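Just below sit the structures, each encoded as structure tokens.
One chain, chain A, links the two complexes that follow: it is found with chain B in the first and with chain C in the second.
Take a look at the complex of A and B:
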């Protein structure tokens, strides 16, 4: 029961923050938010020992039985890693943001979005039901959208938010389709049950499409090539958001998903190829592009992309352990997945620290352009120290945690040569090595171009008062800095308590998780991986020194290519074309619209009817039509026909009223008082509406369309009428399912209500009613917004800054 | 030109209360007899419409100073929230509980959770209908 509450708490808190903010309009609001992630983190930490001993926390709140959708939460080693990151980084980021954001910002909104994100992200990693997972998944996209556009007065923020939203939600919808295909194959929505059936899956035709669609969701979310383009633009968000969502947690959701589905799809070679090579390509492209950036935050964005690619490729190599390779020692592949999970944690520590440091530099000096920065080490010694630890860790240097996972990565890239698969044994180590060289170069750029050199600029910094920020702002990055060093010296503590249960979750079929956890050692002899590292340092240093000389290759194709341009082009094309298309059929003539609606109706129903045509009519159970009913129907028909021939609008409205009220009478005669009552009131309200707008309608002009048009309209009208009649008769005369009228006869005992109609509305089909009133509300608000806002369009000047 | 509508105004003053009473009656009786949240809400809304038509918007707004958009929102909230309450008692979403209560004036009365749900429906209907008509009439005038 703990886990559902854990998910719920941030949502509840995010509801309360805006109310709280109306009373506490200062930075104190941050201190009030801080306990939420902190307490969640502590509660989660208490679960670590029981998980390490091999237990799982599984809890189901039964929800929609007929749809098989339940709020099932599952805490195992894998979700624990992400859970600890979300709450732990959440705590640090909230603390950091208290000092980062000024009091003038809309802090209530900021923390509301942040908590909303936290809750949805916890929901993603703890949900076992894929549909619930999907909803939380999209909620993270929505909250990310809101946070990127936090400074919504800036044009770039809005564009970045839109881009992130479009790309991640597109992938999300693809993923949903993949989930539904999986459901089609397995008959369950539970991930754990799907894993149980993994062996039978590859025989299905839907296996490959489902896999690719789920990967699409994961790749878009985790900014993998070529979907990475949203991440650099997402850097328009405030720095705490970038540190939290766009480096530590949200972008890891795709990685989590891949790790989660390794047991389901891992036996497929296509899975191994897609995950590994997309990951490697992202790693290479990201690190290569990071070097050319001048904005420190953009540099970090590309470096995040590349590091995510690294983790992704490690998981890809790790899934090779699931492949059917005779006689191979599978632990060399499981070690890759282990390295991926280890690096997942390491990346969050050093990248989080680096983002916070860049934020501090930006906050203190007002710029993060490396061409303007330099020589800051003297002025900001503490900031510099943390930046040094973070960058060197990212570059893979000892004594920092990044060194360990980087070595494991290089070992894994070499291990694939034992796989008897085409095209892997040369390319993977080479790409890994080249990408690592670029990684080394941009890490050096961060340290040396920001904090060293440019002595001539130092006086300018003195004038601007460059110094370490207030201690409070340094607490969060310092904690991360301590972790960076601490994890280097005690990696096996992490391995035993956190990574072992996670490995058991990734490889449930491998039995003993002890054998899946390699011993991490800083010194592992002069093996090929270490030689590769030495090569990286040597070549990287040379490349860094001669950066100025070779940098101009970024202007030569294919190095100058930007995937961004494709996105922009597509978007412009899409907007332009749909504008023209819509203008073609949205002419503003109501009768045109009626034609479209009715034509669609005729086509759909006509097609459906032509399939069931063999269902003959059956009048035997119909009751006898009485004289009263005949008369009423006659009145209705004559009123309807007469509308066609009248000359004034008033008479037409009156005839329409006659039609409506006769229907009400018909309901009375057929003993349906509820319907009659509603019909009468609806008619009354509609008439009032007519009266309101009557004066403002244009003159009633008899339209004189050409003859073919008239004939066509008549055909459409007659056809739709006929289809309605036929449908009604078929429905009345045939029975495909058991009658549900028994429920209604027993309404009194089942619901306690004597009125059947309301028993349906309020109990049997209450879900429909609930959603209908939601639709009603949306419709009402739509009318209000359309009418009230239409004349405000030209009054807004300051939207585009 | 000012139309002399004394009769309309006088009749409205009385009739509105009859319609309102009828609306409430419909709402309450909907459990066992014709009526219910939707039609009850529509009748209540039509009473308000009569007021708006007879007097002008400002006058009515002085007497009934509600923002009907908020009333519609409140209605949806009430319906959804009352549907979710059973989940707190390990029941399913929308499980409508009921029970007998001894109330001071009404004696032994059967009360049901569906009452809250239907109240939500009624409020939504009133809110939306009045919002739409007021918006349109403010626009054309």
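Take a look at the complex of A and C:
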């Protein structure tokens, strides 16, 4: 029961915050929000021991029995990692934001969105029912949209929010379809039950489409190539948001999903290829592009993309353990997945710290452009220290946690090249190595171009005396800094308590999770991975020193390409084309629209009738027709047709009067005296009204539409009439139910009225009649207003109607 | 009788639709008026015609024509009257404001 409450608490808090904010109206609101993630974090931490001993928390709130959708929560090792990141980073980010955001900002809105995101994200990682998971998944996209556009007065913020939303939601819908396909195959919405049936799945035709669609969702969310383009633009969000959503948690949702579905899809080679190759490509492209950025935040965005690719590729290599390859040593692949999960945590620590540091630099100096920054180490020693730890950890240097996971990554890339699958060769470690070199270079850019070197043109902040921010702002990044170093020295604590149950969740069929957890050691001899690291440092240093010389290659063709342009082009094309298309048929001419409506009616009904027209016309129930009735009908038909051909409006109006009065006669012979009376009164007034138009409106000009238009109109008219006739005849010939009017024939006893029609109007359906009178009243008011309204043009008060 | 009335309804619908597709306001309004005649007769025919006496319980006789369609039509007649009246006044007003008595002229007026 504890997990559903964990999910619910942030949502409730987010509802509460705006009301609280109307009373508080100051930074204190942040301190009031802070306990929410902190308490959740503590509660989650208390579950760690029981998870480490192999337990899982499973809880179901039954919800929609017929649809088999239940609010099932599942806390296992994998969701625990994400849960701790969400609540832990959440605590730090809230604390940091208290100092980062100024009091003038709409803080109530900010924390509301942030809590909304927190709840949704917890929902994503704790849900076992895929449909519930999907809903939370889209909620994270929505809250991300709201947070990116937090400064909605800025054009770039809005554009970035829109881009992120379009891309992640497109992927999300693909994922939903994938989930539905899985449901089609397994008959369940529960992930755990799907895992139980994993063995039978590859035989289905839907297996591959479902897998690719779910991967689409994961790749868009985790900003994998070529969907990564939304992440740099999402950096328009306030820095705490970037640190939280766009590096530590939300973008990890895709990674979580891939890890979660390894037991379901891992036996497929296509899964291995897609995840590994897309991950490696993203890793390379992201690190390569990070180097060219001048904005520190953009640099971090590309670095995040690249690191996400790294984790993704590790999970891909890890899924190779599920492949059925004889003679392969599975533990080297499971070690890759282990490294992926380890790096997932490490990345959140050092990237979160770096984002906060960049935020501090931006906050204190008002710029994040590395061309304008330099020499800050003297002014901001504490900030610099944390930045150093974060960057070196990301570059994979000891004594920081990134070194450990980076070594494991290099080992995994070396191991996987021996996998007996086509396309898997020595190029995988080479790509990993090249990407790591670029990673090293941009990490050095962060440290040395920001904190060392001369200050260009003696910037203003030197005079103002730039310094470390207030201590409060440094608390959160310092905690992360301590973790960065601490995890280096005690990685196996993490391995035993957090990663072991997570590995058990990723490889449920492998039995003993102890064997899946390798011992992490900082020193593991002069193995190939260490040589690779030494190579990275050497080549990376050389590349960094000569950065100015070779940076020109970013202007040369294949390197200068941006996937962004495709998105922009598509969007502009789409908008332009739909605009033109719509303008083509939405001409603003009423008769055109009416033509569309009627053509649609004719097509739909015509198609339907062509299927059922065989239903016999049954004329046996028809009552007899007398001669005078024939005459009445003939009069009406000829009067109606004549209206079309007369040139004088007087005759047309009189013919309409003929129609109306003949209808009244028909009502008489058809046993409807009330209708006849009403019709006579109404028709009289209507005819008078029509004749009034004589006095005020000009005579008809001869309408001369082009001949094709005339023919088309005639065709539409005849077709509509025919369809009405055929439909009505079919309906009359095939009565399915007895009339309900027998009930009303009891009117005398039920209402005391002898006239059934009056009883219905005044008693059985009196409310209808009342509303009808209201309509009449509104019509009357409309008529009155239209006549009495002051004339705009001349206003001569000629209102003598 | 029902078939005959249905054929009449069909002819009325054809005329009404053709009028609705024209440009002149008065012709369009005539179209709506004729369309409502057609629909009233259609509803009546659907309920079956002359299946008994008029639905007045005071009359002698044991069977009555279906009263429900009649009640519906009574409402519809009144509403269609309100609509026709409103449309006529609207056409008058548009003519007063713009000098146009058909859709094309109004359109031109707004484009300018």
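In this section, the second predicted complex is superposed on the first by the 577 of 801 C-alpha atoms of A that agree within 3 Å, B and C clash if a C-alpha of one lies under 4 Å from a C-alpha of the other, contacts with A are read in each partner's own complex, and residues count from 1 in each chain.
Just so we're on the same page, a contact is a pair of C-beta atoms (placed from the backbone, for glycine too) under 8 Å apart; a residue touches a chain by one contact, two chains touch by 3 or more.
Just so we're clear, the structure is a prediction, and the values are computed from it rather than from any experiment.
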With the two structures laid over each other on chain A, which partner does A:732 touch: chain B (first), chain C (second), both, or neither?
second
Check the residue A:766 against both partner chains and state whether it touches chain B (first), chain C (second), both, or neither.
first
In the superposed arrangement, does A:779 touch chain B (first), chain C (second), both or neither?
both
Once chain A of both complexes is superposed, is A:696 in touch with chain B (first), chain C (second), both, or neither?
both
Once the structures are superposed on A, label A:674 by its partner contacts, choosing first (chain B), second (chain C), both or neither.
both
When the two structures are overlaid on chain A, which partner does A:598 contact: first (chain B), second (chain C), both, or neither?
second
Is A:571 touching anything from chain B or chain C once the two structures are fitted on A? First, second, both or neither.
neither
A:685 contacts which: chain B (first), chain C (second), both, neither?
both
Touching A:61, do we find chain B (first), chain C (second), both, or neither?
first
Residue contacts with chain A in the superposition, chain B compared against chain C
C
Please identify the positions on chain A that touch both chain B and chain C, taking each partner from its own complex.
673-674, 678, 682, 685, 689, 692-693, 696, 754-755, 757, 761, 769, 776, 779-780, 783, 787
Chain A residues within the chain B interface of the complex:
61-65, 673-674, 677-678, 681-682, 684-685, 688-689, 692-693, 695-696, 751-755, 757-758, 761-763, 766-767, 769-770, 773-774, 776-777, 779-781, 783-784, 787-788
Okay, in this complex, where on chain A does chain C touch?
588-591, 594-595, 598, 619, 621-625, 629-630, 633, 636-637, 640-641, 643-644, 649, 652-653, 656, 659-660, 663, 666-667, 669-675, 678-679, 682, 685-686, 689-690, 692-693, 696-698, 700-701, 703, 705, 713-714, 716-718, 720-722, 724-725, 728-729, 731-732, 739-741, 744-745, 747-748, 754-757, 760-761, 765, 768-769, 772, 775-776, 778-780, 782-783, 786-787, 789, 791-793
In their complex, what parts of chain B are in touch with chain A?
26, 30-39, 42-43, 45-46, 49, 53, 69, 72-73, 75-76, 79-80, 83, 87, 92-94, 96, 98, 110, 112, 114, 117-118, 120-121, 124-125, 127-129, 131-133, 135-140
Chain C contacts chain A in the complex at 1-15, 17-27, 29-30, 33-34, 37-38, 40-42, 44-58, 64-68, 70-71, 73-75, 77-79, 81-86, 88-93, 95-97, 101-104, 107, 110
